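For clarity, chains are labelled A, B, C and D in written order, and residue numbers in each chain start from 1.
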Amino acid sequence: MFANVPVLSLIIWLPLLGSLVVLLLPGRSGGAIRWAGISFTFVSMVLAFGLYASYLPLAGGGEFAEHGSWLSVPLNTEVMQDTSVTSYRLAFDYSLGVDGISMPLVLLTGIVASMASLASVHIFKRQKTYFSLFLLLQTGMYGVFLARDVIWFFIFFELTLIPMFFLIGIWGYYGREKAANRFLVYNGLGSAVMLLAFLILIATLGFASVQTDGGIELTFSGSYDTMLANLADPNAAAHQAGAWLLSDNLQWAAFILLLVAFGIKLPIFPFHTWMLKVHAEAPPPVVMIHSGILLKMGVYGLIRFAAFLLPAQLHSWSAVLAVLGVINILYGAVLACAQKEFKLVLAYSSISHMGIVLLGIASLNETGFEGAVYQAVSHGLISALLFLIVGSLHERTGTTRIDELGGLARAVPFTAGILLTAGLASLGLPGLSGFIGEFLSFLGLFSTMKALTAIGTIGVLLAAVYMLRSVLAMTYGPLPEKLAGLKEARFIETLPMVVLTAFIVLLGIYPSLLTDLMQHGFDGLLRELQTGVGG
Amino acid sequence: MSSVFSQYAWLVPAFPVAAFAILTALGRSLSRAGAVIATIASLASFILSLIIAIERIGQNAEDYVGGIDWLRTGAVNISAGYEVTNLTSLMLVVVTLVALLVNLYSFGYMAGDGRISVFYAYVALFTASMLGLVLADNLAILYICWELVGVCSFLLIGFWYQKPEARAAAKKAFIVTRVGDLGLLIAILLLFWYMPGHALDFASIHNVFDTQSGIVSMSITTLIALLIFVGAVGKSGQFPLHVWLPDAMEGPTPISALIHAATMVAAGVFLVVRTFDIFEASSAAMTVVAVIGAFTAIFAATIGLAQNDIKRILAYSTVSQLGYMMLALGVGSVSAAMFHLFTHAFFKALLFLGAGSVIHAIHTQDIREMGGLGRRMKVTAWTFGIGALALSGIPPFSGFWSKEAILTAALEGDHPWLFIVGVVTAFFTALYMARLFFLAFAGKPRGNAEQAAHAKESPAVMTIPMIVLAALAVVSGFVQTPFKDWLGEWLTGEASSHGASGLVLVASIAASLLGLYLGWLAFVRGTLRPDAVSSRLPWLSRLLERKYYIDELYQLVFAGGLRGLGRALAVFDEAVVDGAVRLTGYSVRALGRLNTKLQNGQIQTYGLAAILAAVILVLAIAGRRFW
Amino acid sequence: MSMLGSYLTLAAVLFCVGLFGVLTKRNAIIVLLSIELMLNAVNLNLVAFSKYGAQPSLAGQIFSLFSMTVAAAEAAVGIAVLIALYRRKATVNVDEYDELGR
Amino acid sequence: MIQTNTLTWSDTWYMAPELALVVATLVLAALDLALPRRTNRDWIGWGALAGLVAAGVFVGWHIHDLRSAAGAGEQTYHSLLGGSYRIDDFGNLLKLIFLGASALLVLASLGTVKREDVPIKGEFYYLFLPAVVGAMVMASSADLITLFLGMELLGITSYILVGVRKRTGVSGEAAFKYVVTGGTASAFILYGMSFLYGLTGSTNLGAIRGALGGAAADSRALIYAAFFLLIVGFALKLALAPFHAWAPDVYQGAPTPVTSFLAVVAKGAVFAMAYRLFLNTAYFQTDDSRLRGDVFLALAVLAAAAMIVGIAGALKQQSAKRLLALSGVANAGVLLVPLALDVTDLHASLFSEFLYYFIAYVFMNVGAFAVLTVILRDAGSDKLSAFAGLYHRAPWTAVAMTALLCSLAGLPITGGFFGKLFILFASVQTKAYWLAAILLATTVVSYYVYFSFIRQMYMRTGDTDGKVAVPVPAGIVIWLSAAATVALGLAPKPVLDWVGGVYSLAVDFVAR
């Protein structure tokens, strides 16, 4: 379907092109700006679905990989000591790829971003800037999931930071600037820690040597594939003259740094406070993106780098991860029960749900890994839907405090129905997508840590408590008088609600849609975990 | 031997699913047309189920298993499969029949409601899920349907969402049953990793546990059985998770009949039956099942004595009867349990529909405001009476036979204490039913004039289902009598006629009659003052009225505990976790302020700072080489 | 060699005296002069090394010539700046040059 | 022993860039004096610009010559004046940057300098040029004496430049503070130099390295004294924390073009001198490896302190100029890191790292100061709040400023990002993880600092809604800087390839 078409690049860069197009449109033409913003978003989504359609799990997405040299800088071309290495270079290559782990997340990005773009039509304040940043953000998100070079990953990761800062800081609610600052500095810290880990990995794993007439040319690069290859064949790597090997201590350092970096994004307790502010203060379409996609970058990074590149550490710290996961689940759930603001309920519920992802990763088996990714995708869809509704309600009522709302099922039955569905999906109702992720994660972890899993499942119960408590308080019961004149959602609002609900139901009813995709995604890691670590 | 129709069993739930889809898609505009669609769908399901059952009765067909791959990942390979056995085909018939009747009945009962199509959509979804639960060939699919019936129950309890009580009841139902679901979930996880080949289907479970091969160790078996039982306890309203079921009566009465009497609450019993091999492999688990069942039976029956809400009395009665079924399972008699499930489905549904008919007429649920309805609502009174007699265990009504089967099983299983509990419960059952019936239908109207004026018989669309059920309540007991154990043979495949035990017959009939008589004395004749007990032992009646204060206890311990913990953690989150973040920010800013302090504009201060720094630098780095 | 030690010590003392003056003197002119003192300490050092150093050479003396010249230029500029400042502030008290930084 | 170091004609050619500037200075000064008072003096600025461009052309020519020589396998440096002055790639690259930066500064000042009430506009420009000459001499010298002379030439002219607005009090005060600090720093450096000379008997850097090894055995204390005095001096000159306190005051009091000159060219020149001096002299052969380690450790500690204190101090600054001064302190720390790291096989690229980040630093500072000039001209205040609503009042300038700020904060894809990335990678390769960690942590804090501009520009509304008038030359400089900053991030390869291809550690540092 995509023979000779750099589809991954198209997916990534088309939104950037869109961003420029929007910038060049005259500021007064609101309709054209909206139209351009939405259509560029949709084009990438359509491409993502095309990619999905032509993706063969067995091939592992190799046919889509793109590679181009971007820059290669000399580190040292002068022989200083007596080694066979004649030159050292540092290469940053443009390298993209898709596999069973990134494919679901790319789809998620396409869906959620498109729906968020539809939800953005209500934003009238500085529309041009908004849509241009919104598209820029998409470039970053697609890039994160498709990049196969740690430096590019980092660049895309950071690229999501700046638009988000603006989107929160300009279009947010009352405390937006504080939230934006908190977001920036906290995530900046995360990416800084990540960069340090990446640099350690580049310096120790990311080298490739070329034998030339004069001697050996050693090239350091952030190439993920090079790292994997070196990791898989430590003996060959050890022969590389001059390069120093990844010692145990360094491996641990890199692992912990990555855990912290992605733990901030995920977020793992106690690094979660920043995201509460973002959830509460950012405009709803942006929270859709944030909670729906950006948090998943933490999941993805954790699996892609911490797990795949440092399997031994993952293996010995699986219990720690599981404990962290259980803490996340329970801590988030208990706190969600204590909130009065629906947005904060959702924020804490995100913490709780991300704990389940950690459990999946800690399981060290395919079921758990796939459960983690499944949970990520499902949570992305569900929280996007929930915040879509939050936005719709906030626009009408001016509040999303649980105690100020009630009886919405009477005033806005459709929205309330979708809210109830989303709430049920969030609490892990079978038949909706949330259940599959939870089930697989628990199932995976249960093979190794039974008691912890059992404790973790209490989170499922608490999820019912906080979700029903808040959703029922908002939708059921008598309708307060001041809400009597509410208008039902317009078509442009219902469309994304229906689409997201449809995906949630679809993934809940037929999970193989996604699990088949991931089928061979974890083969390499599982092999490492079995041979490299077990032996 | 072929199973021609069994392979189409998946169509049974497919009809209501289709109805649900149509009703949801078309929304409220359908109104009564939606009700028609849903009813037709349930009729189709019923007919197909009946055909399947007849096919199986006639040909003693083989079990049929079919399905598609559903979830494939790593070690997991779960199919969306269905299995048709005698047991499931029986359940199919019960469920579809009651569903059909309730669909019909609701036509009248819900006639005035603007959201009637939503109601039918929910009912259709429930029916589909319940049928899926029955048909599921493995625990994973069963669990999914298990949760789905739970959510439908939740939706229907909260159908009149504007009532705060309905909201609270719906929430409570969902959360309390979820406690049980959690047990089931963990049981499934355990089974998954202990079963050879990670199989979760019932056939494999049967193979592994029935052969006593010791593949799964004793302690694990017990654990799994108990966890499954926790699930059953939640769904079937057994002690200590019974608290949701009486509150669930906030939902429309047809729902109480369908979900909270006949089908869903029996799913717990069905689950235990389905996984009975695991229970049988662990005597400890069996004991627990029996004791919990027996305790629940008597416990709920006593509470039922002191309630005044007609539906709540029936609800506690349901809890109590489900306890009977568990008791039967605990003493090892699947057939007795299934038999009671079967009969109970009919007479309890009947009772609820009758109660609904009364409520529909006079708009109150308090039996103290009723009275004398028998004259104005003849069909309702007669059918209700039949139901009450069946429930009370008066021969030859169906309840008598099934209850007798259970008591026999208890006695034969060498559990005399359980037998005694069963008999005492039978007495209480008859007593509260007598109280209910006589207060509502006999005597003079006690309500206000308006209610009295409203009291007239319900339309035919409501009475016909009641009549059908009444007929079934009379005859359904004959499928298994002490003399011909036809149902048990058909279900378990082994002839296990238990014969008639004189003791059991006498004891159970005596207990029931005594209860009825006492009720008659108290509420019709008036020779016994109804408040004889409450005036002498006020604490006891208070204890019963307040349902042993279980709700209050849970409220205090769990709800209060969670709230307290939540508040404490909220403070912790704000003060400690976020505090640490703020502290970091503050300390960096403090460093900045220190710098601002240094910059006072005096060049000599700057110089001094610089020279001091230089001295420290030199001493620290170079100086260490010199001493 | 002992001669060198004495010169070096003297230079160090001069340098420190100059530094002390820069840091403590209230009068701006004295501050400028103290800088000159520090530079002169260096000159002494250079000349001493040039004569008594491990490898005596003329370079040190040449260096010191440059250094003196530069020091003179620096002093001239310094005084000029100070005069301009004095015109506005009418004080040579260093403490009062603190308009910036507050 | 004593060579006669005459200036030959061939040497004149090699020194053509410096001479071009000297000639331009003299011509401009003479014309300024000779022409009648009423004549418009605007052309002086253009004249200075022409001089800078001419010097740049000569430097480019030299680079080209050396490349051809390298191609032919000939010697790739020229040593003049008895080895005290070197025409090599190290010096040439830096000179090119100094000249380019100065040209940008002059260009940016063309439309604005009259408003800054510089009463004697001519002086401003023809003092500017000798300062650049001083910087070039510092970059090209291989002898203590010439290094010192270059430093003083730069120093003395910039003292005057700082005080050129002699009618305003703060300008004079800034100049006085600069004189005192600069003089003290010079004294420290000179004092350190005197010990280097005394231990080795030579002022030539190559000779010093050769002889220091022998002296290390019995004069360890003096070697420590020499290097630590130099370090203290350089720390003062470079405003490394906690030697930095003068910088915000001086930057604030000086006219904005001068401020950016101090931040960019003057700082770069001192770095050039420090790199040349330390890499030549500190790598002497000795058995006592701790000695060298201590020297570089001191530099690393100073770099770390500068990064931390600089960025922390900038956190709560309300004055944009002081903020940029403190940001300069932090960036000086970053620029020092490559020097402070071990030179090993894996890390011989310290000059590339330094130079790349320095180029990025030049552009972002020149651009940011140009924006600041525009703002000052409009609002008359350098408070952060003067940037409020800039996005509405001058959107293009605001966007350019955003790019510059992203670069300052080290966010991709900008020059600042890649500059920091290379330095970070170097620290990781040489296992200086603590330095990398501090660099990263301060970078994160710097997000907050630089984004405070962005908050003002995009999220606040200013006192007025009127458009901000941006003079054309300033606008050109702003956009040129922003474009260059982004280009450096998008395609760092040409610059790095060029630097890597041109420069050689063995040839360019080690003076023979």
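Here is the rule we use: a contact is a pair of C-beta atoms (placed from the backbone, for glycine too) under 8 Å apart; a residue touches a chain by one contact, two chains touch by 3 or more.
Note that the structure is a prediction, hence the values are computed from the model and not measured.
Under the contact definition stated at the top, the chains bordering both subunit B and subunit C are D.
Ranked by distance of CA centroids from subunit A, the top chain is C.
Inter-chain centre distance (subunit A to subunit D, centres taken as mean C-alpha positions): 42 Å.
Separation between the centroids of subunit A and subunit C, computed from CA atoms only, is 62 Å.
Here the spacing of subunit C and subunit D, counted between their Cα centres, is 25 Å. Of all residues in subunit A, those that touch two or more other chains are 185.
Looking at subunit C, residues 19, 22, 97, 99-101 sit in touch with two or more other chains. Multi-chain contact residues of subunit D (touching two or more other chains): 176-177, 180, 184, 245, 248-249, 445. Counting only pairs that meet the touch rule, the chains in contact are A-B, A-D, B-C, B-D, C-D. Residue ranges of subunit D in contact with subunit A, taken from their complex: 343-349, 352, 406, 411-413, 417, 421-422, 424-425, 428-429, 433, 436-437, 440-441, 443-445, 447-448, 451, 454-455, 458-459, 491-493, 496-497, 500-501, 504-506. Partner subunit C is touched in their complex by these residues of subunit D: 1-2, 144-145, 148-149, 152, 155-156, 159-160, 163, 166, 169-170, 172-177, 179-180, 183-184, 186-187, 190-191, 193-195, 197-203, 211, 215, 219, 245, 248-250, 252-253.
Contacts from subunit A toward subunit B in the complex involve residues 185-186, 269-270, 272-274, 331, 334-335, 337-339, 365-367, 370-371, 407, 409-410, 413, 424, 429-431, 435-436, 439-440, 442-444, 446-447, 450, 453-454, 457-458, 460-462, 464-465, 468-469, 472-473, 475-479, 510-512, 515-516, 518-519.
Those residues of subunit C that touch subunit D in the shared complex are 15, 18-19, 22, 28, 31-32, 35, 38-39, 41-42, 45-46, 48-49, 53-60, 62-63, 66-67, 70, 73-74, 77-78, 80-82, 84-85, 87-89, 97, 99-101. Of all residues in subunit A, those touching subunit D in their complex are 70-78, 80-81, 83, 85, 88, 90, 151, 154-155, 158-159, 161-162, 165-166, 169-170, 176-177, 180-181, 184-185, 188-189, 192-193, 195-196, 199-200, 202-203, 220, 242-243, 253.
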